[in-house]
Amino acid sequence: MTEKVIIAGSGGQGVLTLGIFIAKIGFSEGKNVTWLPTYGAEKRGGFSFCYTVVSDEEIFSPVVESPDTLILFDQRAYDVYKEKINQQTYVVVNSNLVKNINKNNKNFFEIDATKIAKEINFIQAMNVVMFGAYFQLKKIFKIETVYNVMKQMLKGKKEDTFLKNKIAFEKGMEFFK
Amino acid sequence: MIEKIIYKKPDSLTDVNFSYCPGCGHSTVHKIIAEVIDELALRENTIAVAPVGCAVFAYNFWDFDVTEAPHGRTPAVATAIKRVLPDRLVFSYQGDGDLASIGMAEIVHTANRGENITVIFINNTNYGMTGGQLAPTTLLNQKTTTSPFGRDAKNYGYPFKMLEFLSPLEGVKYLERVKVTDAASVVKTKNAIKKGFSYQLQNIGFSMIEVLSSCPANWRKEPLDSNKWIEEEISKVYPVGKIKDIK
Amino acid sequence: MENNKILIKGNHAIVEAAIDAGCRFYAGYPITPQNEIPEYMSIKMKEAGGIFMQAESELISINLVYGAAVAGARAMTTSSSPGISLMQEGISYMAGCELPGVIVNVQRGGPGLGNISPSQSDYFQAVKPGHGDYRLIVLAPYNTQEMYDFTFEAFDLADKYRNPVMVLTDGLLGQIMESIELKRKTPELLNQKKDWALTGAKGRKGKRIVSLLMEPGVLEKHNFHLKEKYDLIRKTEKRFEKLGITEDMEYLIVAFGTVARISKGAIKLSRDIKIGLFRPITLFPFPYEELKEIARKVKKIFVFEMNLGQMLEDVKIAVEDSEKIEFYGRPGGGVPTSEELLNFILKRIQK
Amino acid sequence: MRKGKIKINEDRCKGCLLCIEQCKVKEIIQGEKVNKYGHLVVEFKNSGKCNACTLCAIVCPDAAIEVYEVSEEKVNGK
Amino acid sequence: MENNKILIKGNHAIVEAAIDAGCRFYAGYPITPQNEIPEYMSIKMKEAGGIFMQAESELISINLVYGAAVAGARAMTTSSSPGISLMQEGISYMAGCELPGVIVNVQRGGPGLGNISPSQSDYFQAVKPGHGDYRLIVLAPYNTQEMYDFTFEAFDLADKYRNPVMVLTDGLLGQIMESIELKRKTPELLNQKKDWALTGAKGRKGKRIVSLLMEPGVLEKHNFHLKEKYDLIRKTEKRFEKLGITEDMEYLIVAFGTVARISKGAIKLSRDIKIGLFRPITLFPFPYEELKEIARKVKKIFVFEMNLGQMLEDVKIAVEDSEKIEFYGRPGGGVPTSEELLNFILKRIQK
Amino acid sequence: MIEKIIYKKPDSLTDVNFSYCPGCGHSTVHKIIAEVIDELALRENTIAVAPVGCAVFAYNFWDFDVTEAPHGRTPAVATAIKRVLPDRLVFSYQGDGDLASIGMAEIVHTANRGENITVIFINNTNYGMTGGQLAPTTLLNQKTTTSPFGRDAKNYGYPFKMLEFLSPLEGVKYLERVKVTDAASVVKTKNAIKKGFSYQLQNIGFSMIEVLSSCPANWRKEPLDSNKWIEEEISKVYPVGKIKDIK
Amino acid sequence: MRKGKIKINEDRCKGCLLCIEQCKVKEIIQGEKVNKYGHLVVEFKNSGKCNACTLCAIVCPDAAIEVYEVSEEKVNGK
Amino acid sequence: MTEKVIIAGSGGQGVLTLGIFIAKIGFSEGKNVTWLPTYGAEKRGGFSFCYTVVSDEEIFSPVVESPDTLILFDQRAYDVYKEKINQQTYVVVNSNLVKNINKNNKNFFEIDATKIAKEINFIQAMNVVMFGAYFQLKKIFKIETVYNVMKQMLKGKKEDTFLKNKIAFEKGMEFFK
């Protein structure tokens, strides 16, 4: 099994964190993983993306040319990566910020992650909502690992942060149930 | 109804949007430099030297001639351009990492030679472009990505007051510290820059304007809070005002 | 000592390795794509009770490392391409004074300010360096584990030969996060006595560490002494990896660092082509003889680099048959894909 | 009192809110709209209180504001 | 224009040549063995109405030259080995920005502070330079006449290719006094328009001279553009001298600069040995093909340098038969004599 | 008759004769540094950093541990040694070309960090070793091999007063300018150096002693005339005395 | 008055004459002798006027002068 | 004809100037010449020497390994170069400063140039006295050239400087007449 993911959006949306999150889950499940962020010149509002690869085999190039999955947080991200979409590609877009699409693919999924995150009063967790959707759609990872890694990554944060993230995750997951 | 436009984007700016973060002081200073150049009708007569730092992209935004110096060497590059073309307006634009850290020797010698150039010095108390590391101008106790426990003088030295430092040099003719936290201070900054440029046109010699400038991204503050921080903390350590003016 | 597998960024792995290797003096100046090193180091070095200095320039960085080495400390600096250029004088002094020290170059695109994408275009500057006939030991990791391992070993090598050691890596390896095993062992030579270091002339005459040797012939002799050392290094420290080198192999890829791992991907994709990989790990000393040996048996040698052909020159020197060699390079921050490399191979094979 | 209005260049605005802080008559408000660069841009209320003081424009880092003076139709061709 | 034969020091010849070539901006920092250049220049440039600046460091020197080039001036700096190391970043920027400029390196012994004797141990730094895939045009004079001629031509070459040009010489050639002919002619490209220079945006949009190229792929494209330029230079600017290359020649010496003239002395002494000399004049572009052609015909190739074998690597690349090659080098300021070189030849021939 | 020796070559000097020119100020300063180190019994506890300049040969003469820094980087090297070995006496010894020209950034940042080292700064208003070129400290109108028509401020800048320049930096604790033109001034210089060293031993911080020092060879003056020139001209521009002393 | 004498190390002396200038009692004079490094070294007159003031030695750049205090033979073994 | 000369002494004795003088004479007579000074670290009192080669043929190495002539100004110079003396070598020493010699060579000449220079009240011309001796002994150059070059080199100096140098030269010359 090899899963190559590109996550893209704007700085501040949690693009890189989500990539690390997926990498850590893969790692926890004993897979080989690589995660490669972009490091652009712009600090805020700039275009941001990262590559995450999870595999049973040795990973040679961490650069993802033909992604298995695209997780796209906004229109610009979609515009940049739409050419990488083929019939096999799983695409999850945040429909709140990606409106102008050309949906000619069976694995194309839209979820208004912004709205959902707002509804649970935790707008920062938009990326976790997106992950929930991805998790549900692809079914590659175990849910316990997700919670474990989530806990580990939130270590030191306020008590209820984990719970709030868990809810965001579950909302995303439920959306495609 | 008649509409008369009374404020617009200056002609010396291109149509390219600034790539700087929301509320970044670089944007404001870029804009007012362009305004001053418009007002002095110098667009066709100006050569700017951009630094290495967030403002390395200045060439995308200014519609006059711009080159880019190696990190910190900005004043040396500006010096040579001015010496070769003494009737052009030549200014260097530098961040506090560029000017006060790696470029210390260059700015000091250029000032001491009294080169007839104008230096715009953007003090945002950190290295914006590379992700908010300590700069010589970082405040004591300020946390940065390389002073995660706050700047302590013993290990990292003291906040560097460049203008006060350069002030005793004979070649230096005009030094002023300004800020761009509200409309009034923006106007003052504009006047200071205009003065620096016009001194140069009058061959008076070296001038430098330090702008206390916000870096909301690395300070991890909203733009308004960033300006407040300048008012409340930064300008305590770096008081605004004229430091030297020898006409 | 415990062994741990962790997920870690390449730049962070360098910090972990340095601390584990007993590095207790670090000086560095920010530059992308290696900023995580000084940042993480500012925490880790404090924890380790060592000295962390943010130098005000790369010149100050390398001269702080020089000073720390003079005083007998294990010292390191890190930077990226333009910053390394600024260190050329200091590195030459260190080599001339036979001072150990570790320099990490997380290469980016050049020339000039260039960009911040990964690159291998500092090969020349690392392997055929600045003024004077000196050499650095140059280690080229190709994954995060090696970022850790080689940085760790660099300190022993530096002390063993009293010579600066460079870890030549790139923005991709610096930024990538992978799992590695932390060795957490004590470096072999950590407690080796440094008789040459300056620590005060207790019970002895004053000692000196200098590179000025003005008396006629002395500098020349010193250079021959250095040459002997480099020859010894050439004999004992050469490292390389061979992959899929079979008896009936027809083609060979030569690549180092990032491009070597991408080349492995190409080999995997290539399936029925009889192609192997030769990966120089030490760029100085370069494994000329070993490469020559293998090269003789193949029809074609593909040299892949993220530059316009720098290691290529050493491959040519080794192979002595340029007609066999095909070069494909991406300069200025271009990173090839495995598919791209395979395509190049296929085209050249068919020709 | 002088009457004015402003135009906000939605592409250039980055939603930094510095203009809002400067406007004494509260003619600029935080908007709902996100521009193509992902910034939540501000809006001109246009409730007639703008006096063309230009403070908002002066402080706008991104040169996103144009200010106009608005006057009644000319009397006697002046 | 008049032609004059005069007796002149190599360093002074460089100044005369620069002034004759229309250089009107000089910046330099003192360092032995090239101090006569800034000293003499401080008088000559004033006479010529140009700009003489004593920079406060080599970093400032090269960046002043960078700035002067940006403004369209013919500009030069000079230094010696450690000072050239300090210019590596600036030179890379100039190459990246495609700025013309002349850099003279009057080499001395290294590494580190070394000594002030003549040396050729900056070959690597000149020919395989700093960060990024850039190249300098490198001219290696071997007598005082060429000190003048090559410095003169360097300015046209720099302008022609918008690339920094290095005159790679040494302390012996800098200090020696010999007779030369001053050409006193107008350089061909002196009045060529520099459309790219920044002189104010009169009637046009703003122009930029920058080396930062961040947008994906742009820097890579720029590098390929540079490569094309270098390839053109390789095609058109290669220069070398052949001496005594006869049909029945059995041995060949390859040497440049000072060692080439000493080698000529050895050939003269050698009398009945059938030995010729191949002298690369441009070190970049290196005359690989021409050397290869000749090398094929001889039994042995002697490479002589005042270093530990730096040009040797390019000779190996050209010759592709290392068994034929015998190297003799004197590092750290050692200058071989003609007798010494001949002795080496005789010993290796007898073997 | 009993002979009691009351003045002799200090133990911290080797038996190697100084290679400096007759009457050169370097010799005097080398000697008194050795005397101070003898008197403080620090020979076994000292690490000196020699510069690039005539004094590059200091290691031949001082019988304690000596290293040599790249030109101008002397304070950086000294800083690291001191940080690694905080209980040793570490001083850097620099000429005016080394310190005030190429090494400007290093000395400024070291001073600003308040590194606990002592800097001995030999101001002989030119580059001795390379043959008498202009230094930042060269007097106005002074002729040197690179200012053959005399130093004019417009082209070459102004004489650089390093001590006054560094004085406002908080990390700087003790600054004094001295000369070695006669026995009395030699004794004063010795005391200043001793004070600098003892401040370091007390962890007080950065100190620097500037010595107005003759260079008879490049000034093309006899040693006695050279000293007279220091008295009459140089010390007008660079007045001797304490500039800063914060104990 | 204290009595003294000096010894001049001829190898170290460079004939700079600084000592002569310092000696109030003119006990040092320019010599005739050139040492092996080519320097015309100075000489101690030893005319009995030296008072061991050490000024010559203090000012000597090259640490070429040793100064001795000379006293009559000890009285009562003191 | 090829004449390879090493002149050696201490800084300030006019070692380098004499080398240039000889080179200029050779140049004036249409020969190929090279002159190569040492450039030591010491400015005064240091050891100083230079190589001058005058030849009808192309001069390859300006470094003189086997000198035809040695002009030695003081003992240190003699000590350094005595090993280069063979039966063919012409050696001219300033006997005022070179006392400790091993004179096993027919072409070994001593002249107290210091004394002669003092006698004509022009101690700085010691090197010219030495040259006079060398000129007379070797007889390679024309006397007119010597005067011409001398004039040219003293251009801008006081009127009587040339005359004084001329006398110094002649005194040296006469010594071996």
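Lettered A, B, C, D, E, F, G and H in written order, each chain numbered from 1.
The working rule: contacts are C-beta pairs under 8 Å (C-beta built on N, C-alpha and C of every residue); 3 or more make two chains touch, one makes a residue touch a chain.
All figures in this text were calculated on a predicted structure; none of them were measured in a lab.
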item: Common touching chains of chain H and chain F; value: E, G
item: Chain pair with more C-beta contacts, B-D versus E-F; value: B-D
item: Interchain centroid distance [CA atoms averaged], chain E/chain G, Å; value: 56
item: CA centroid of chain A to CA centroid of chain C, Å; value: 35
item: Centre-of-Cα separation between chain G and chain F, whole angstrom; value: 27
item: Residue list for chain D, restricted to those that touch at least two other chains; value: 14, 37, 39
item: Residue numbers of chain H (touch at least two other chains); value: 41, 45
item: Residue list for chain C, restricted to those that touch at least two other chains; value: 32, 53, 56-57, 82, 89, 93, 97, 112-113, 116, 210-212, 214
item: Residue ranges of chain E in contact with chain C within the complex; value: 81-82, 84-86, 88-89, 92-97, 107, 109-117, 119, 121-122, 124-125, 128-134, 210-214, 217, 219-224, 226-227, 307-308, 310, 313, 316-317, 320-322, 330-334
item: Complex interface listing, chain E residues touching chain F; value: 29-32, 35, 38-39, 42-43, 46, 52-54, 56-58, 82, 112-113
item: Chain A contact footprint on chain C (complex, rising order); value: 7, 32-33, 116, 171-172, 175-179, 261-262, 264-265, 268, 335, 337-339
item: Complex interface listing, chain B residues touching chain F; value: 101-105, 108-109, 112-114, 136, 153-158, 160-161, 164-165, 168-171
item: For the chain B and chain C complex, residues of the former touching the latter; value: 52, 56, 68, 70-72, 97, 101-102, 104, 127, 129-131, 133-134, 136, 145-149, 155-156
